[in-house]
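Submitted below is the structure of interest, expressed as structure tokens.
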Amino acid sequence: MEPIIAFAPYTGWVYPNETVFEWSVLIAVYPYLTGLVAGAFTVSSLYQVFGFERLKPVAHLALLTSLCCMIFVPTPLLLHLGHPERAFNSTITPHLTSAMAAFGFFASFYVALLMLEGWFAYRPFIVEQAQKRTDLLGRFYRLLTLGSYDVSEHAMRYDKKWIFALAVIGIPAAHGLHGYVGFMYGSLKAREWWSSDLMPVIFLFSAIISGVSLLAVLYVTSCKLRKIAVDLACLKGLAYTIWAFIMVALVLEGLEFANIVYKGREGVDVIMQYVTGPLLIPYFILQFAIGAITPFLWLSYMIWRGTTGKALVVGVTVCAILVLFSVFMMRWNVVIGGQEISKTGKGLLSYQMPFFGKEGALMAIILTLAPLGLLYILTRLFPPWADEATHAHS
Amino acid sequence: MSKQDTKPSLEARREFLSKLGRAATCTGAAVGAAALGVMPAVSAKSPPSAEADSFPTKDYDWTKHQWAFGVDATKCIGCLRCVEACKHENDVPRNAHQFRTWVERYVHIEGEDAVRIDSQQDPVNIEASGSEKEFRFANRYKDAKVEKAFFVPKLCNHCTHPACVQVCPTGATYRTKDGVVLIDHDYCIGCRYCVQACPYGARYFNEEKGVSDKCTWCYHRITKGLQPACVEVCPVDARVFGDTKDKESPISLFIRNNRVQVLRPESGNAPNVFYVGIDKEVN
Amino acid sequence: MPKHIFRLLSLIAGFLVVAMIAIPLLTDKSFYRFGHYRADSVPEIAAQEPVLQTANYCKGCHAARHAQWSASNHKSVTCEVCHGAAKGHPQNGKLPIPKDTAKLCTLCHEAMTGRPKTQPQVQVAQHSGGQQCAVCHNPHSPKIAAATTKVTGNAAAGKQRAAACSACHGADGISPNDTWPNLAGQNAAYLVRILAAYKSGDQKDVAMTPLAQALGNADIQNLAAHYASLDCPTAPGKSAIGNAVAGKALAKNCAACHGETGIAGNPAWPTLAAQKPGYLVNVLKAFKAGLRKDPMMAGVSRGLSDADIANLAAFYAEQSCKTTK
């Protein structure tokens, strides 16, 4: 009988059971998506909670983006599980010693929070559409109003309080949603490449830069598609955010690697062999040099020179794309990289990613792009544009 | 009091009462929800009606045993009958990459610093056996200048503080009262966090069943007074199994009469497979 | 409170209540009984049927075989290791009898780096030339018992007693005709064993049986010591009965016990070098027919044709029995 699983090639000595890669590319896509959720939400909160007024043009787009990514977050996990129909076991009987048990609660809480905040933000628009439309879509909006068309001052005050409260709660919630994944890796003593106290924080900071970068790209793209001028102050605000958080992310990632090398624990020679060999390009070139240091330097230059206009737009967009790529590489290098270093500390394996199949490259691409598709639909139903006449309540 | 004055006080009273009512409803809902949430945990902790019943079977009471395993690596001849027997006994996938138990060979070649280690997934050994379904060590070092060589059987260590049990999000894997770490194949969701967490590489994912799997010390045999399959077939007594509650059991004697050690003690998992005769590179 | 807030809160509260009710309903009722797992899973796992049945199970029907096996030094190798798991046997038919013993037995007994020296192991090519292990070794009692005969005789006493044997076997142990074997220089342990076998009736021969029965155990030892001390036949005889070259090729399979040139490595087995070819032919035929009894020789001779027997005899007859020892 043909084997239904692919066995990974290896060098050196690995445990027999290690020749099957248990966590595939989809398990790298999952934290990438939750990272985008957390990062996009951070932009929204920077406006709602910290009063960064210059980010107003992207505030609602950020919320919608966060929600779209959040809806697709469980998909890579469900595709990965051996028994997806039992997925709720971890929510019905969560094993409280396991970081993964937090997923059901964080995810459901967070998707509810996002939907709630979006609902509050868009209420005047929803009420208006409910009253204006007579088609099927009108029914949809009317359902969303929960039967209340109250947009009085009194009601709006309540709404404002709720938005603020949700935005405040949403920050630790988002960071919990993404941070627990980092903790899952960081707390695992079986793998030296993962085991690090810094891991949750690294995940969080790289999540933030990915989300903010996504917003930058989406904002510029939407402006181009809608043929309106890019709000340079807003874009610069996003650029500042990316720039600040890249610095922290770089320091943390650098510290983590430095710690592994400095401590020189058993198995460090294989790690060094791996990092200077198969991982040289994905880690040092793609994740760091091209994906992090280049945008950092370019952003620094633009900030120093006070770049504006088209040069700023192009510069920030390209930097944002590079950062998005770098953060994906970071997830890849952690998830796949960790499994390529054998638990024996004496061998290396090689992940062979299939293109088709439930957990192949094509599925990974689809799942990464699907939120954008959903976002397109949602921006039609709930236009986030700050400049339109019929726009969402801020 | 003028009519103008009663209105505000009336309003105030109404406001107060409605606030009180709302508060009461909220509290009641909260308390009710909390009670419902606590109920299952509380009701489960109350002792079952038939306390005296032997668990898990009427002929076997798990409170009377505490199992442990011993491996004498000075005796192992690398025949791999244990690997075969385990695959047959426990319906382990018939390939050379997923094992509940396996044997490692350590060879020091003269003039080389690094030890050479191989096991059943090595393509050279697969070729020697003829297929992925049969197991044999290739006699690949017969012409080499070998300074030291030996075999080490490996299996799940059934740790006292298992990392795999800790990380299971659902409670599908657990440690029994008689010291065996088992997997509930009807509850496991197949996330494979446990496979990642095990420092010994003892676990694997069974694609066909969609669940994680590992050595169970043949729980279905030991609860019937039989030995685990690998212990049963070992022709040289390299594997030892028994009840540490019985001072004269094979394992108690093994531990008492030998200097035993465990793999990766620094992991804090407190494994329960005791090794005699392993070497510095074995981990 | 605005209407929409109230409705929203009710929705949320309603959802939480449903969740609170659903969770205990969906939880398996045996969960939490002993810890964070489904307690019913333990008896489910314990109830699985064992596949390997252990040798005790086989004993029920195969008592004689079991007795032979458990008295042998293979008693640590359970039946199911070679025959496969006994679950469903005999209902599902017979268990396989391994044919390719050379593949099976060498799993444990091939000389391999890392195998403890206490494990009996051989260089396969030199030991058996690649032939099946079961040809010489009974898997249920693999040790070849003959290897343990004790030799304690006095050659001088044996010489006196040997007068009665010289009519057939020659005064100097070299037989006058082709039918009766040379005894000069033969391994003492073998001679002891074979005489004892004739005496006890384990081995039957028209001529030797009454003669051996007249011997005492001391006589047997002395005779063996006497003949062993004699010089073996010097000039190897060229035999007309077979092709010695063809015989040499076949003799590779005999080398493990009888030596490459017919000089036995272990004194429990007879040296064949320079032996009378006629005698060798008769003996091999007798083994093949089961008239001469030896479990090992029976197996070896089974596959030999008459031509093979003649060739082997021719080969051994030509060999020099002089050793360097």
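Letters A, B and C name the chains as they come in the text, with residue numbers starting at 1 for each one.
Everything below uses one rule, namely that a residue touches a chain if its C-beta (ideal position, glycine included) is under 8 Å from a C-beta of that chain, and two chains touch if they have at least 3 such contacts.
Please read these numbers as outputs of a predicted model, since none were measured by experiment.
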Most distant chain from chain C, judged by the mean position of its C-alpha atoms: A
Central chain (distance from its CA mean to the mean of all protein CA atoms): B
For chain A paired with chain C, centre-to-centre distance based on mean C-alpha positions, whole Å: 68
Length of the line joining the C-alpha centres of chain B and chain C, rounded to whole Å: 41
Chain A and chain B: spacing of chain centres that average the CA atoms, whole Å: 34
Chain A: positions in contact with at least two other chains: 93, 95
Chain B: positions in contact with at least two other chains: 171-172, 187
Chain C: positions in contact with at least two other chains: 1, 23, 27, 31-32, 36
Chain B - residues contacting chain C, complex: 22, 29, 32-33, 36-37, 39-41, 44-45, 48, 55-57, 60, 62, 74-81, 85, 88-90, 105-107, 136-137, 139, 141-142, 144, 146, 149-151, 171-177, 182, 184, 186-187, 216, 218-221, 223-224, 226, 229, 232-237
Residues of chain A touching chain B in the complex: 3-5, 7, 13-20, 22-23, 77, 80-84, 86-87, 89-90, 93-95, 97-101, 103, 184, 188-191, 266, 339, 343-346
Of all residues in chain B, those that touch chain A in their complex: 95-99, 102, 117-121, 132, 154, 163, 165-172, 187-193, 195-212, 267-268, 283
Chain A to chain C touching residues, read off their complex: 88, 92-93, 95-96, 116, 123, 145-148, 150, 152, 154-155, 158, 162
Residues of chain C that touch chain A when the two form their complex: 1-5, 7-8, 11, 23, 26-27, 31-32, 36
